[in-house]
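Notes for the one structure printed next.
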Amino acid sequence: MENLDVLAANLLSPVILAFVLGVIAALVRSDLKLPPALYNGLSIYLLLAIGLKGGVELSKTPVSVFIGPALLTLFLGLITPVIAYNILRRLGRMDRVNSAAIAAHYGSVSAVTFIVAITFGTMTGRAPEGFMPALVAILEVPAIVVALMIAFMRDGRAGSWKDALHEVLSGRSVILLVGGLVIGALVGPEGFEPVEPFFYSGFQGALVLFLLEMGIVAAGRLRDLKEVGFFLVAFGILVPILHGVLTIWLAQFTSLSVPGAAVLAAMVSSASYIAAPAAVRIALPEANPTFYLTGALGITFPFNVTLGIPLYYAMAEWLIG
Amino acid sequence: MENLDVLAANLLSPVILAFVLGVIAALVRSDLKLPPALYNGLSIYLLLAIGLKGGVELSKTPVSVFIGPALLTLFLGLITPVIAYNILRRLGRMDRVNSAAIAAHYGSVSAVTFIVAITFGTMTGRAPEGFMPALVAILEVPAIVVALMIAFMRDGRAGSWKDALHEVLSGRSVILLVGGLVIGALVGPEGFEPVEPFFYSGFQGALVLFLLEMGIVAAGRLRDLKEVGFFLVAFGILVPILHGVLTIWLAQFTSLSVPGAAVLAAMVSSASYIAAPAAVRIALPEANPTFYLTGALGITFPFNVTLGIPLYYAMAEWLIG
Amino acid sequence: MENLDVLAANLLSPVILAFVLGVIAALVRSDLKLPPALYNGLSIYLLLAIGLKGGVELSKTPVSVFIGPALLTLFLGLITPVIAYNILRRLGRMDRVNSAAIAAHYGSVSAVTFIVAITFGTMTGRAPEGFMPALVAILEVPAIVVALMIAFMRDGRAGSWKDALHEVLSGRSVILLVGGLVIGALVGPEGFEPVEPFFYSGFQGALVLFLLEMGIVAAGRLRDLKEVGFFLVAFGILVPILHGVLTIWLAQFTSLSVPGAAVLAAMVSSASYIAAPAAVRIALPEANPTFYLTGALGITFPFNVTLGIPLYYAMAEWLIG
Amino acid sequence: MHHSIVPLKLVTIVTERILEDRLLRTLVELGAKGYTLTQATGKGSRGVRASEWEGPDTKIEMLVSEDVAQAILDHVAETFFEHYAVIVYVQDAAVVRGEKYI
Amino acid sequence: MHHSIVPLKLVTIVTERILEDRLLRTLVELGAKGYTLTQATGKGSRGVRASEWEGPDTKIEMLVSEDVAQAILDHVAETFFEHYAVIVYVQDAAVVRGEKYI
Amino acid sequence: MHHSIVPLKLVTIVTERILEDRLLRTLVELGAKGYTLTQATGKGSRGVRASEWEGPDTKIEMLVSEDVAQAILDHVAETFFEHYAVIVYVQDAAVVRGEKYI
C-alpha cells in the first residue's frame, strides 16, 4: 500500500507530469517545442549544477566514506556493458556492432534519470548521500570505452576509435560534471553560497522545462517502437531492473545508505542519451541509431522515471533497510 | 487623486518601464533585441507558470465558487467576438473577412495583459482570486472559433477551417495553460513547493525581460498606425473599454471579488496576439495581418497595460466595491 | 599574507573557476559551447540587472555624494584613451589607426570586469558604494568618441563616423545600462522588490554561466597571442595597472570609499569588448581586430579578473585606507 | 569514379513559418524524396506577416527531378501565392548519387 | 501554366553581421526588391572579425535582374572588399512570377 | 570593372552536425580555401540520427575550383555515404575576385 502511495508521489510530481505533457503535446502535433538553444542551455545548466553540488558535498566527505561507493560504481560501469552486450548477442541474436552500440548506452548513465531519482528520494523524505553526483561522473565514461573496445576487437572498422574517445572525454557532459565537481570541491559550501539561488533553488523548476522537451523528443521515439521489435522493448525494461537489482545487492557491502543504494541503482539501470550516442555515432557508424536511441529514450527513460525509481527504492529498503 | 497615485504606481512598475524602454530602443534603431530563442523560451515559461499557479489554486477552490466566474468567462468569450464583429462591420464598414479576423483577436485574450493586471492588483494590495489563470484558459479559444465560424458562413474560402482549429487547440498557449492547470491541480500546493522558486519568485523578473522585447515589437507596429486608419485606432481603445465595462457589470452577479472583476475585465478587454494570429493566418489568409496585429499589439496592448488596467480597477471598485 | 588569502579568495570563486573551466574546455577542443542565443540573453540580463541595481541605489544617493565620483569617472573616460594612444604611438610605434582603435577599447569599460570586482569586494566584506553601476554608464561612451576623434583628424577615412557614433550610443550596452539606471531610479527600492529574486539573487549564478563562455572565447584569442607581439602583451597588463593607479590616486580627492576606489580602478583599467569593437569595426575598418580583441579579451580581461582586481583593492587600501 | 553524378533541380521556397508543416506534407506528396530546412528572415513586396511573431521565415530546399520541380512550382503558385509571403525559384545542381532523390 | 517563370540572378553575399543594416539599405537603393537573410558562420582568408563577438555572420540572398546584380557586385567590391570579411557570388535561377522582383 | 569575376563551383554538403569538425578539417586539406556554415534540419532517405539529440544538421557551402570540387565529391562519397545522413551537390557560381578562392 505504502509503496503505491510512493508510486503516486513520483507520478504526480511536476517533473514527471511535465514529461507526460510533452508526450501529449507531441502526440497531438502541437507546435510546442523548446527552442534548441534553450534546451541546450538547460542541459548545460543542469549538468553544471549537479557537478557543483556534488563537489561541494565531496569537500565535506572523508575519503574513507567515499571510496567504497566510488569503487563499486567504477566496477558497475565496467561490468554492465558486458552484461548488456552478452544478453543482446545471445538472447537477442543481434549482430556484434549493434550489440556493442546498445551496450555502451546501457552501461553509461542518464543524468536526468539520476536527478529524478534524487528528487523523488528527497520528496519522500529519503535523501541519499550528498556525494552521489560524483558517482555520476565516475559512471559515465567507462562503459562507453568498454563497449567500443568490444566492438573494435573485430577488424576493418569504419569508425574512428580515437575520435570517439576524444568525443566522450571532451564531451560537454564530462567537462561540465567533472569541471563542476572540481569547482564545487575547491570553493566549498561558503564559496557556493552566492551562486546557490541560481544553481540550487532554480534547479527543480528548470528540470520541469527540460522534461517537457524530453517528453516531446521521447514521443518522437515512440513511433519507432514497432521498428525495434519486441525483444528490444523487453530488453529496455528488464535489463535496467537486472542492473538495478545487481547494484542494490552489491551496495549492501559498502557504506551506502538505503536511498544512496536506490539512487545508484537508478543510475546504473539508466541508459545514456547524450554522451553515448555522440561517441557511438562516430566510432560505430554502421550501428543503427534507431535501436539505441529508441531503447534509451523511448523505453528505458520513461520506464525508469515513472516505475523504475520507486521500484529501486522499494527493493533497496527490502534488501538493505 | 488616489486613482492618479494608482495610475503612477502602474506606470512606474519595472514591467511597464521595460516595455517603454523597448519602444525607445526600437525608435532609436538600437541593435538591442532578445534572441528569438530566448523570447520563445520566456513565453513558454510564463504560460506554464500561469497555468501551474492557477492549477494549484484551483485544487483549493470548491467548484461552487469557481462555476459562476467560469460560466461568465465562457459567455464573454462567445459574445465579445460578435460585438466586435458587428462594430467593425456596421460602424467601421470593414469587409467581412477582416472584421472576423479582428473579432477573433479581440474576443480572445492576451496572457501578458492578464499577468500585468494581476501584478498591478497584488502591488496595490488588491489581489484577485487565485483561480484567475483557469479563466484565461477558458477565455482563449471560444472567441477564435466563433469569429472563424462567422467568416466561414460565406462560401468558397481559401483557408482551411480544420487546420485552423487544430492550430488553435494544439497551439502552445493552450497546451501550456491547460497542461499547467492540470499539473498544478494534480500536484497541489505541496507538490508545487520545490518548483516554486523557479516558477513563482522568478516570474516578475522574467516578465521584465519579456516586456522589453514586446516593446521592441510593438514599436515596429506603431509605424503602421497611419496605415490602419483612425477608425481602428479608436476601435482599439474604445472596444476594450466597452468589453471591460460589460465584464464588470456582469461580474457583480457572480461571486467575483472587486479585484477579480477588474482582472477579468482586463482579460476580456485584451486582444490575443499569439493564439489568434496563428489561427487566423491559416483560416483567413486574405485578412490583412497589418490590421489585426497593429490593433492588438500596437494599440490595445499598450493602452491596456498603461491606462486600461488602472481604469478597470477603478470601475470595478465604483460599480461593485 | 592577508593579500595572498584575498588573492586565493578571488581565484577560488565559482565565477573565476568557471572562466578557467571554459578556457580548459576550449583547449581540449570540447564541444561545450553556450548557444549564442543564451549567451546573448545572459549579457542582456547582466547589463539590465547592473543598471537596475545602480538606479535603485542612485535613487537613495544625494547628488552631492554622487557628483564627485561622477566627474572623476568622466574625466578618466576622456583622458585614458589619450594616454593609451600616446603609449601605443610613441613606445609601441604602432600606426595611427590601430593605436586609436586600441585606445578606444582601453579607455572604455568592460561590464563583466566591473561585476567581478564588485563581487570580489562584497565577498571579502568590502562592498563599494551602491551607485557604482551609474559610473559604468558614464565611463562607457566618452573614450570611444575621443579615440575615434583622434583617428578622424586624418583625412580620407573609409569608415563612417556617423554610423559609429550611432552604433555606440544606441548599442545595447548603453541602452540597457542607462535604461536600467533610469528604471531603477524611477521605481526605487520598493518597486524593485518583486523583481529582486530574478535580477539580484540569480545574478551570481548567471555570471558563472557567462564566464564559462567567456573562457571559451578568450581561449580562442590566446592562439593569436604570438601574432600580436610582445609589446601588446606588455601593454595589456601594464597600461591597466597604470590606469588603475591613476584612478586610485585621483579617487582620494573625492568621497569614494576604499572599495569604491578599487572598483573604479578595475573599471578604468578594464578594456571594452562589446561596445568598443562594434563601433571601431565600423569607424576604423582598416584597424586590425586581432590587435584590439586579443588585447582586450585575451590579455587584459583574464589579467584583471584574476590578479588585477585584488591588486587594485590592495593599492586602494594602501593609498587611501 | 565509382559514384554517379545526376543533374537534378534544386527548388527553393522561402515562406512564412506558419505554413511549414502543411507545405512539407504536400511537397512529399508531390514527389520530393527529402528536403533541407533553414531558418530565415527577409523582406519582400508584402509587408507584415503573422509569423513575424511566431519567429522567422523558413527556407525549404529540395533536390528533385524536373517533373517534380514543375509540379511543386504549379502547386505553390496556385495555393499560396495570392495570400501568403512566399518566393519560389529553381536552379540546376549536379548531385552525387542523385538517383536516390528521383 | 498560368504562372510565368522568369530567369533572374541570385546574388549571395556572406559578410560580417555588423554590416547587415548598412548593406541592406544600400542594396535596396541599388534596386533589390527583396532579400532573404540567414545566420551563418564561416572561415575565409581573413581571420578574426569584430562581429565574432556579436554573433555569427549573415548571408544575404537576392533575386535580381542582371543589371541590378552587376550594380551590387560593383558596389560591394568597391566599398567592403578591402577591409571587411565578405564574399559575393552570382548564380542563375528561374523564378516563379519573377517579374515581381525586377 | 576593376574587379574580376571568376567561374567557380559551389559545393553544398548537408550532413549530421556530429561530423562537422572532422569534415571541415578534411575539406581544408582537400583544397577548400574557405567555407560558410548554416544550421539546418531536414529529412531524407535515412531516418533517425544521433545528432538529432545534439541539435540540427549542418550545411556546408564552399566555393572551389572544379578540381577541388571533384576531390571533395569523391572523398565524401567514399567516406560518409554508407553510414551517415549526407547529401552533396555542385552548382555553378560566378564569384567576385574569385581567384582568392582557388
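Per-chain residue numbering starts at 1, and chain names A, B, C, D, E and F are given in the order in which the chains are listed.
Rule of thumb we're sticking to: a residue touches a chain if its C-beta (ideal position, glycine included) is under 8 Å from a C-beta of that chain, and two chains touch if they have at least 3 such contacts.
These figures come from a predicted structure and were not determined experimentally.
Of all chains in the assembly, those touching subunit B and also subunit E are C, D.
Distance from the centre of subunit B peaks at F, each centre being the average of the chain's Cα atoms. Under half of the residue numbers at the subunit E-subunit F interface are used by both copies of the sequence. A centroid comparison over C-alpha atoms places E as the chain most distant from subunit A. If you average the CA atoms of subunit C and of subunit F, the two centres end up 40 Å from each other. Chain centres here are Cα averages; for subunit A and subunit F they lie 36 Å apart. In this assembly, the C-alpha centroid of subunit D lies 20 Å from the C-alpha centroid of subunit F. Multi-chain contact residues of subunit E (touching two or more other chains) are listed as 38-39, 91-92. Of all residues in subunit C, those touching 2 or more other chains are 29, 35-38, 40, 197, 201-202, 278, listed in ascending order. Subunit F meets subunit E in the complex at residues 1-3, 5, 8, 10, 33-39, 63, 91-98, 100-101. If you check the complex, the residues on subunit E that touch subunit C are 16, 18, 22, 47-56, 82-84.
Interface residues of subunit A, counted against subunit C in their complex, comprise 35-38, 40-41, 44-45, 48, 52, 166-167, 169-172, 175-176, 179, 182-183, 186-187, 191-192, 194-199, 201-202, 278. Those residues of subunit D lying in contact with subunit E across their complex are 12, 14, 38-45, 57, 59, 73-74, 76-78, 81, 87-92. If you check the complex, the residues on subunit A that touch subunit F are 36, 40, 158, 160, 163, 217, 224, 273-274, 277-278, 280-282, 285-286, 289-290, 293-294, 297.
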